[in-house]
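For reference, the structure I am asking about is given below.
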Amino acid sequence: MNLWRKPLDLQDIKVARGEIHIIKDLCKGCGFCVEYCPKDVLEISEEFNTKGYHPPYIKNPDECVECHLCEMLCPEFAIYVTLKEDNNVVKSASEEGGQ
Amino acid sequence: MKTDPKGVLVGSHYLSGNHACAEGALSAGCRFLSVYPIMPALEVSERFLARAKEVGATFIQMEDEISTLAAVLGASWTGKKSMTVTSGPGLSLMMENLGLGVMLETPCVIVDIQSVGPGLGLPNRPSQGDMMQARWGSHGDYEIIALAPSSPQEMFDFTIKAFNLSEHYRVPVAVMSDEYVAHLKEKVVIPPANKIEIEPRRYYEGPKDSYLPFKRDEDLVPRMVDIGEGYKFHVTGLTHDDRGYPIMNEECQEYNVHPLVWKIRNYVDNIIEVQEVHVEDAEVIIISYGATSRAALKAMEQARNSGIKVGSLKLDTVWPFPEKRVAELAKKVKAFAVPEMNFGQIVLEVERCSYGNANVFFVHHGEKGVENTDNILSAVKQAAQQNSVKDGIIECE
Amino acid sequence: MKANPRDVLTGVHYIDGDVAAGYGVLAAGCKFVAGYPITPSTEAAETFARVAPKGNAMFIQMEDELASISAVIGASFAGVKSMTITSGPGYTLMMEAIGFGAMLETPFVLLNIQRGGPSTGVPTKTGQADMMQSRWGSHGDYEIIAISPDSPQELFDYTIKAFNLAEMYRCPVMIMSDECVGHMTEKVVIPPAEEIELEPRRLYNGPPGEYLPFKPDGDFIPKMVKAGAGYNLYISGHVHDERGYPVTNEEFKSVYLRRLVDKIRRNKDKIIELKEENTDDAEVIVVSYGISSRVAVRGIEKAREKGIKIGNLRLVTVWPFPDEKIIDLAKTTKAFVVPEINYGQIAFEVERCCHGRANVVLVPHSGAGVHNPDDIYDAIVFAAKEKKKIEGIVEYKTKLEKLVFEGGFKLKE
Amino acid sequence: METLKTKKMKEVHPMEDVLRMNRIPHIWCPGCGIGLAVTAFAAALEKAKIDLNKVAIVSGIGCTGRVAGYIKLDSFHTTHGRAIAFATGIKVANPDLKVVVFSGDGDLISIGGNHFIHAARRNIDMLVVCVNNFIYAMTGGQVAPTTPLAAYATTCPFGSVEPPINIPYLADSSGAVYVARWTTLHIRRLTNSFIEALDKKGFSVVEVISPCPQYYSRINRLGDGLDMMKFYHDNTEIRHGEDTKNLDIGFQGKIIMGKFIDRERPSYTERFD
Amino acid sequence: MSPIINAFAQGIKKSGVKPAEVCVPSDIPFEPNVVKQLGVDYFHTIRGRAIVFGTGLKLANPALKVVPVVGDLMTLGGNHFVHASRRNMELLVICVNSFIYKKIGGKSVPSTSPVFSLYSTFEEPFNIPHLGNSCGAIYTARWTALHTDELVNSIAEALNKRGLSVIEILAPGPDYYTGINNIDSNLVKFYHKNSEIKNNEDPRNVGIMPDENIVVGKFTDKERPTFIDVYNAQLSKVIGDKFTPYGPVPTSRTGAGLGTGKNESGGKDG
């Protein structure tokens, strides 16, 4: 971070770190997440998913600042971000009803 | 289940068919009417609107008939019994959403006050020209129930019956009246609420997350829930499975559409009601429905008086067509006479179901007034004299 | 009258049914098509849109089907041949205007590429369940003509024929095709223009003062004029007299309405086209139309190999229904087998015309696919063996039905 | 990557509460923007703090018409163009419900145009989301009333000859109380707009400009979904409160977005009582 | 004869258009003798489809002058109006607005049952000039049936416009059951008395509100290429010389039509 004046509590400030989760088989390879990630965390991978698209992979996992833009810009609901410190965000699959 | 007394105007009234229809709807517990004004069905909505406030019913006038029926389907899914009323041109416009109603298996009632068609026709004259349309008017395969009342009292009774059938079989039910009955004023007896039996909605009562909107009961009818109860169901006009999710293949089409047909065809005996008079010894039977049965019954009496053994079969339920009964009677009688206010619609069904066992005489009716019996009588006389069975329909001039 | 060479794409093409229909529309001299996109009929409209400038014709995509059909009727009164293209749900929306068109005795053509129904159904797959609707879909009494082609070549040929019939009888003519034929790619031979015979509009040539828009000629059909030509037309969708003025007196109702049905019913023999094969001494006759007739051929051949005397009656014209033909055949045959992609529509008509003389076996199909020819074969065998007369239609239980409803089957998305 | 693989079966998207995850992957093409509109709407539903049991969503026919099938609410997939009419019935019969109509431009504006203007005039309390992709995509790329002049489509092989409709202007002149337009790229603003509109009493319209890489872009050679998103990035301008008559969209012209109308009018049910 | 028909007849005369070239698709019944006197071609169409019927007439024979006279413009036919305006189809839409509003100008207005009226009493009516303008109509005006001179001038002017023009006539009464002649004279007098002429007013401000004067006048008058103009221009651009323009040579002031060919389909009779 480039700050013009060092805050006094710099030690206490923590930049949020996110963990990106990619549900690869939902991806259709549109590339929105890769293009619009402000931190260039993602990149299209060489591998194929079951549908034959190239899903993204996490190139720079440590750069993620949990802005959720990739999550919002994914038309396939194939990517989401959780706060790294807080793993409780991940919900259990059993809540998925109506099947 | 007994009906809600709030809508029942108990007593003996002097009502037109249209007003009786509105009263019937309110008595049946109908609480949503959506219309677009069209002659000659206006009085139904007027009466309904006039009574809506005190009964707690909702009324909306939409921008056209297409949206009218769409709104009725939407309202029906909120748990309100819903209905619309129209005439021929409006019915034509409703056909697409009628198909949707069949596909979503939505209970609702459509009252059609038939006037002369096609096109604009004669908006203020009676006809029975929409009978085949009620059965075949929308694309694709489906079965529907249609009732034909012949008097204001029957307008009242059949409207209630239509709601009951519609809730029981989860299918849009048409009340095929006509301008004559709609504007005819007669005594209508409205019984107290505890004498009016109504069919409750077939609600699903299981756990919320295991609700399947198109899972069929034994009798092939699925169960419903209301919007806003937390079931979070999905329904679609596309071919769908039990969950209501679209699946685009042959198997699913069979799985989805065949029961739509079966759920009516397999229960025709429970649905169909006919009124028979003097059929036991009849040589000729007049098959009629709606307003024409008024003339038919008169003609029957007149013919009996002049010594011809004539009976009458009045179709209360026109669709599904009482095939079995007509086939049985065909073996016993010389001929059927079918008066209709059109150029031959139900008579084709009669021809089909008589299997060459009886002659079928078609009487184009209504020119000299709906209750005039001249044409029917002359057809009956002709029919009684004809001893051999002829091919095809014999049309009486 | 011959077709205009400018409009005819003479040659041998390898195209699908929809495209063939589009070429047929142009060749028939149609100058106005209004449509609204609906699967699976869009290719026909797209084709016409592409070739329309060549024939100085107009294609317009309207805001909905109601608008399309009304514009088509309007254009027809302006003096040009016109048509619209649609499928099931769109067809249903057009119902009010179809009755209106019939009432005004408007010549126009409607191409319906049927799909699986009801409601939205299966948009991308086939069906034949709009057949009764085409006859009965609008309110009131009217008659129309409906043709059911079974190949891209026929879609081309019968599109032209449909225009000719429409002009000749001044009534809506429906081409009731289906998705299978519409999307089937085959050889289509388009003949040179001089071999294509077109029926010109029956125009009135007399002085304006004496013109009566609904006064029939000897053959029940009145002559037309073009709008804006000084005839001071009064055309009403109400029941009207010969001048076109609305009639309110009920007594005249049938005088003026009757002709709408009579002009078709009395000209039936001229309109109806059938394709018959070995029906004279057949014990079983297969009655079919559209794509089902092509599937039926396989079943018929198989039955013939097994020594069953089998006839084939293909309804090219479905409406008006060939009552007399079926009545005659019922006298000599044991049974009719009716394969159709619905749960019984034309089968009811066959049953009606049998008058109890022959059995009727319906081979139904849900739609979204065509029959298994074995089903048709089995139904033929059943019909040939059955000795007694059965009242009512025998609905043959197809392999598909057994598969879906008799245990252990799971739907796959 | 290893850990991701092992955890995969347990992974669930945070929007699973409002989406029918068992139906996803959805039918939309790669790069299509409808999924983004759904994401924004799902996010808005979660943030809007409304009782999800009391929300019904109605769709018509078309690509966007399939939205109802993917959102876990009481959802209806109805006939072509009649979504608003169907929703009107729901709302009038049970005013406690929140009704959302989610459909495409062809469905809402072309065949359903009459219901659109009448519901706006009556001010029926509903949110109408119109995903505008400039074409009929479900049927294979026919001209829509929103197709820009001179753009190509399969039924206008020589370029569209009809001026496109200005949806915000139409909604405004018919009486809508809330009108906004965003592209799928402006996803956060779109989400906020949805939240505001869900909260609004009356007929609210949110137009979502969405890429259609498979038909509109392919026929007009505009590249894939990403190219369209880049185009939206470079050629859009936010002008809140802009007069709706200036909101025409030309072929590859500037797109003006923002919240244009936010006013109060008594809704139908209020008047009826 | 009713004031509307009278104004229509005079408007045609004044515009210099031959009555024989005028086609009137309408969903209001006209009396046969009225049509005879007007000398036009009249089509009584199904409800709400007069504009699209007219679109068909116009496109099939662009030489015609098509004047849809509609009674329920904004109910069944609302969508067709929106889209015809957008396309700028060359039609003159005469909208006989017979809405019945319970209270205008503080006075009670006789009103039939709300089911009969086109708008229920608790609904606001459309501002037709505004809607037309917003969809692209090139000429919008509103008069009561008693603004005779203005109405005649408006009709004459609009008949010579190229594009979609809409004239709203406030005339309580006529609908598809009672016909064009059946005007409620008391009500129309009332409207006339309580109206105020504001030409060139922004159509946005001319909504008909309870307790306010009705604004009448000519609100929009602009030029835009018509559907056929754009069609011809676009197709000649794309196809080039091979393209034969559709319709007759336009007497264009907009310059959009580039055609030289003659119309094959409509032609001679027009």
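Think of it as A, B, C, D and E in the order they're written, each chain with its own count starting at 1.
What we mean here is this: a residue touches a chain if its C-beta (ideal position, glycine included) is under 8 Å from a C-beta of that chain, and two chains touch if they have at least 3 such contacts.
Keep in mind that this is a model prediction, so the values were computed, not measured.
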| item | value |
| --- | --- |
| Touching both chain D and chain E (chains) | B, C |
| Chain whose average C-alpha position is farthest from chain B's own | A |
| Farthest chain (mean CA position) relative to chain C | A |
| Pair with more cross-chain C-beta pairs in contact, given B-E and B-D | B-D |
| Interchain centroid distance [CA atoms averaged], chain C/chain D, Å | 38 |
| Intercentroid distance (Cα basis), chain C paired with chain B, Å | 28 |
| Whole-Å gap between the CA centroids of chain A and chain C | 57 |
| In chain D, residues with contacts to at least two other chains | 20, 72, 77, 79-80, 110-111, 113-114, 118, 145, 158, 272 |
| Set of chain E residues in contact with two or more other chains | 44, 46, 74-76, 78-79, 82-83, 231, 235, 239 |
| Interface hub residues of chain A, defined as touching at least two other chains | 98 |
| Residue numbers on chain D that touch chain C, as the complex places them | 61, 77, 79-81, 106, 110-111, 113, 136, 138-140, 142-143, 145, 154-158 |
| Complex contacts: residues of chain E adjacent to chain D | 74-79, 82-83, 86-88, 122-127, 130-131, 133-136, 204, 224, 227, 230-231, 234-235, 237-239 |
| Contact set on chain B toward chain C in their complex | 66, 87-89, 91-93, 95-96, 99-100, 102-104, 114, 116-123, 125, 127, 129-130, 132-133, 135-142, 236-239, 241, 245, 247-255, 257-258, 260-261, 323, 327, 342-345, 348-349, 351-352, 354-357, 364, 366-368, 389, 391-392 |
| Interface residues, chain B side, partner chain D - complex | 31-32, 34, 58, 60, 62-64, 66-68, 70-80, 82, 96-97, 99-100, 104, 227-238, 245-246 |
| List of chain A residues in touch with chain D within their complex | 21-23, 25-26, 28-32, 35-36, 51, 53, 57-58, 69, 71-77, 80, 89-93, 95-96, 98-99 |
